[in-house]
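Once you scroll down, you'll see the structures, which are given as structure tokens.
Both complexes shown next keep subunit A, but they swap its partner, so subunit B is in the first and subunit C is in the second.
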Partner chain A sequence: MAGPIEQFEIHPIIPIRIGELDLSFTNSALWMVIATGVATICLTVGARRRAMVPGRLQLMAELAYEFIANMIRDNVGDAGRRYFPYIFTLFMFILFGNLLGLIPGSFTYTSHIIVTAALAVTVIIAVTGIGIAKHGLHFFSLFVPSGVPALMMPLMIPIEIISYLSRPVSLSIRLFANMMAGHTMIKVFAGFVVPLGAATLGFGGLAPITVNVALTGFELLVAFLQAYVFTVLTCLYLNDALHLH
Partner chain B sequence: MGKDEKPTSLDDLGERLRVAREHRGAERQRKGGLTGGPGNMSGLGWAFRIGVEMVSALAVGVGIGLLVDWWLGTGPWFLVVFFLLGAGASILNVYRAAMGYGLAVGYRKPGESGDGDAEKDASGKADGSDAATQTKGQQNKR
Partner chain C sequence: MELDAAKMIGAGLAVIGLSGVGVGIGNIFSSLIGSIARNPATRPQIFPMAMLGFALVEAVALYALLISFLILFT
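The block that comes next holds the complex of A and B.
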């Protein structure tokens, strides 16, 4: 039987080596492509028939659009509206990665810290770039806390800078740890089914299966929640960069 | 009769939708910004968020310290300094998260931050808010 960690292993599907670089097309990359494809198909098909009374797909597409549009309006304001495509793409990519990862036998690319870290670092670089482009050097007043005596500044400014740099770290760790913990837990309980069932004439196996059903429902919630948290924090960072205090 | 009734039921639906939207909007405003207070999530999720905030700032501090030490070859001194700064930053992160200050720098809640940017943006036009932010920036520069 496969161990609980083996589901996170990365296997190259199409090995590609350029010099020292290993650019193989892996199962992780495959599921990224699948998630992007499924999201694109869902949204384009959903948006094609603009019925007055929406069908299921159209309703899903509209709900997703409205959800992100409201999120940006509430957290960033009208100035954030031009960044809608990026934030919407980010949300869809993470959401479909989380949801497709729940299919047995699939691969959850959001459970790898390198993937979430790349997303988070992109967000922080983008937000910092937007802030500098909009405010120029005045952007760095973000690191000067208000209402602090000048004597404390040499201490407070490095602390603020570290606090700012910790944003991508906490952003990526939160998503990756939630996904990995959930998937490991499901696998551990699934591993109890056969031994427990064998020991008690099959009836004992029902207990871990019940737990797994509940855990899968819980994981569905976590998949949505973590995609939401990631995007909401992106919106808050964007708000910080656009509206300096 | 059937032809006459159809638009009225749609109008009625539209009216009810409008009322529901207004109601929801009012509720959202009452709740305030979406900075994620302890009331918004489960206890475990909240504890996890606080933990991550703490660990990440400390990790960044230690990372910078180790990097600078490795670069300059200066014993453990930068590690000590940046460990303490990282610890300070981690407490600051937790304080801000716990007090509902969101992620804004400073010690004021986003809503009460003197400038009404957020409110202006929600109702006004993008150009107006841009101008407001720019004038504020100029004031702060002086």
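The block that comes next holds the complex of A and C.
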């Protein structure tokens, strides 16, 4: 029987090698393509009819749009409206990756730290670039906390810089650890079903299955919540860069 | 054999951090219930904040879990 960690294995589907570089089309890449495709189809079909009374798909597309638009308005203000496409894409990519990963037998690409780290590093580089482009060198006043006595500055400025640099780390590890731990937990309980059922004439297997049903529901919540947290924190970092303090 | 035993003990010790997370999540939801009971009208504003806090605290639990997995499987 497969162990709880084996679901995260990456295997190439179409092997591509350029010299030493391994650019194979893997199952991770396949599910990224599927998630992007599903999100694109849902949103374009949902936005096509533009009925006065929305159908299910249109309602879903509208809810997703309004959810992110409100999030940006609340956290960044009007200056953030320009960055809506990026934040919306980020949210949809993570959300569909998390949700499609819950289908049994599929692959959760957000459970790999390289994927989430790439997303988080892109966010931080983009936000820093936006801040420097908008404020020039004045951007670095972000690292000088206000209302702190000058004597404390040599201590506070390194702390602020370290906390700024640890943002991509915490952003990526939070998403990756949540996804990996959740999927491992589901697999661990699934692994109890057969041994426990065999030991107790089949009835004992019902308990872990019940737990697994509840866990899958919880994982649906976590899948949405982590996509939400990732985008909210992106909004907060963007707000920091646009408005300093 | 001794290394394996030490790994098991270490993985167990690594998840002691979960006690703090339990306190934290309990705190978040007790304050959420308390504030909604005092002023039910603020529920739409408070609930997303509580969820954000819950996710951030839960992430700490997963860091501990991650360390214990690293100890066990590497």
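A few comments on the model shown:
One rule holds for everything that comes next: the second predicted complex is superposed on the first by the 245 of 245 C-alpha atoms of A that agree within 3 Å, B and C clash if a C-alpha of one lies under 4 Å from a C-alpha of the other, contacts with A are read in each partner's own complex, and residues count from 1 in each chain.
The rule we apply is simple: a contact is a pair of C-beta atoms (placed from the backbone, for glycine too) under 8 Å apart; a residue touches a chain by one contact, two chains touch by 3 or more.
Keep in mind that what you see is a predicted model, and the values were worked out from it rather than measured.
After superposition onto subunit A, partners subunit B and subunit C are found to clash with each other. Of the two partner chains placed around the shared chain by superposition, subunit B and subunit C are both touched by A:A177.
By the touch criterion stated above, A:I5 is placed in contact with subunit C alone, subunit B being left untouched.
Of the two partner chains placed around the shared chain by superposition, subunit C is the only one that A:Y228 touches, whereas subunit B remains out of contact. In the superposition on chain A, A:G147 contacts subunit B only, with no contact to subunit C. In the superposed model, A:R73 lies in contact with subunit B only, and not with subunit C. For subunit A, the partner touching the most residues, choosing from subunit B and subunit C, is B. Shared-chain residue A:E160: touches subunit B; no touch with subunit C.
After the shared chain A is superposed, the part of subunit B among 39-47, 75-83, 93-101 or 129-137 that runs into subunit C is 39-47, by C-alpha clashes. In the superposition on chain A, the residues of subunit A contacted by subunit B and by subunit C overlap at 170, 173-174, 177-178, 225, 229, 232. Remark: subunit A residues 71, 73-79, 81, 134-135, 138, 141-147, 155, 158-160, 162-167, 169-170, 173-174, 177-178, 225, 229, 232-233, 236-237, 239-240, 242-245 touch subunit B in the complex.
Here subunit C touches subunit A in the complex through residues 51-52, 54-56, 58-59, 62-63, 65-66, 69, 73, going by the rule given at the top. Every residue of subunit A that touches subunit C in the complex is listed here, in rising order: 5, 170, 173-174, 177-178, 180-181, 184, 222, 225-226, 228-229, 232.
Partner subunit A is touched in their complex by these residues of subunit B: 28, 33-36, 41, 45, 48-49, 52-53, 55-57, 59-61, 64, 82, 85-86, 88-90, 92-93, 102-108, 110, 113, 115, 117-118, 120-122, 124-126, 129-130, 133, 136-137, 140-141.
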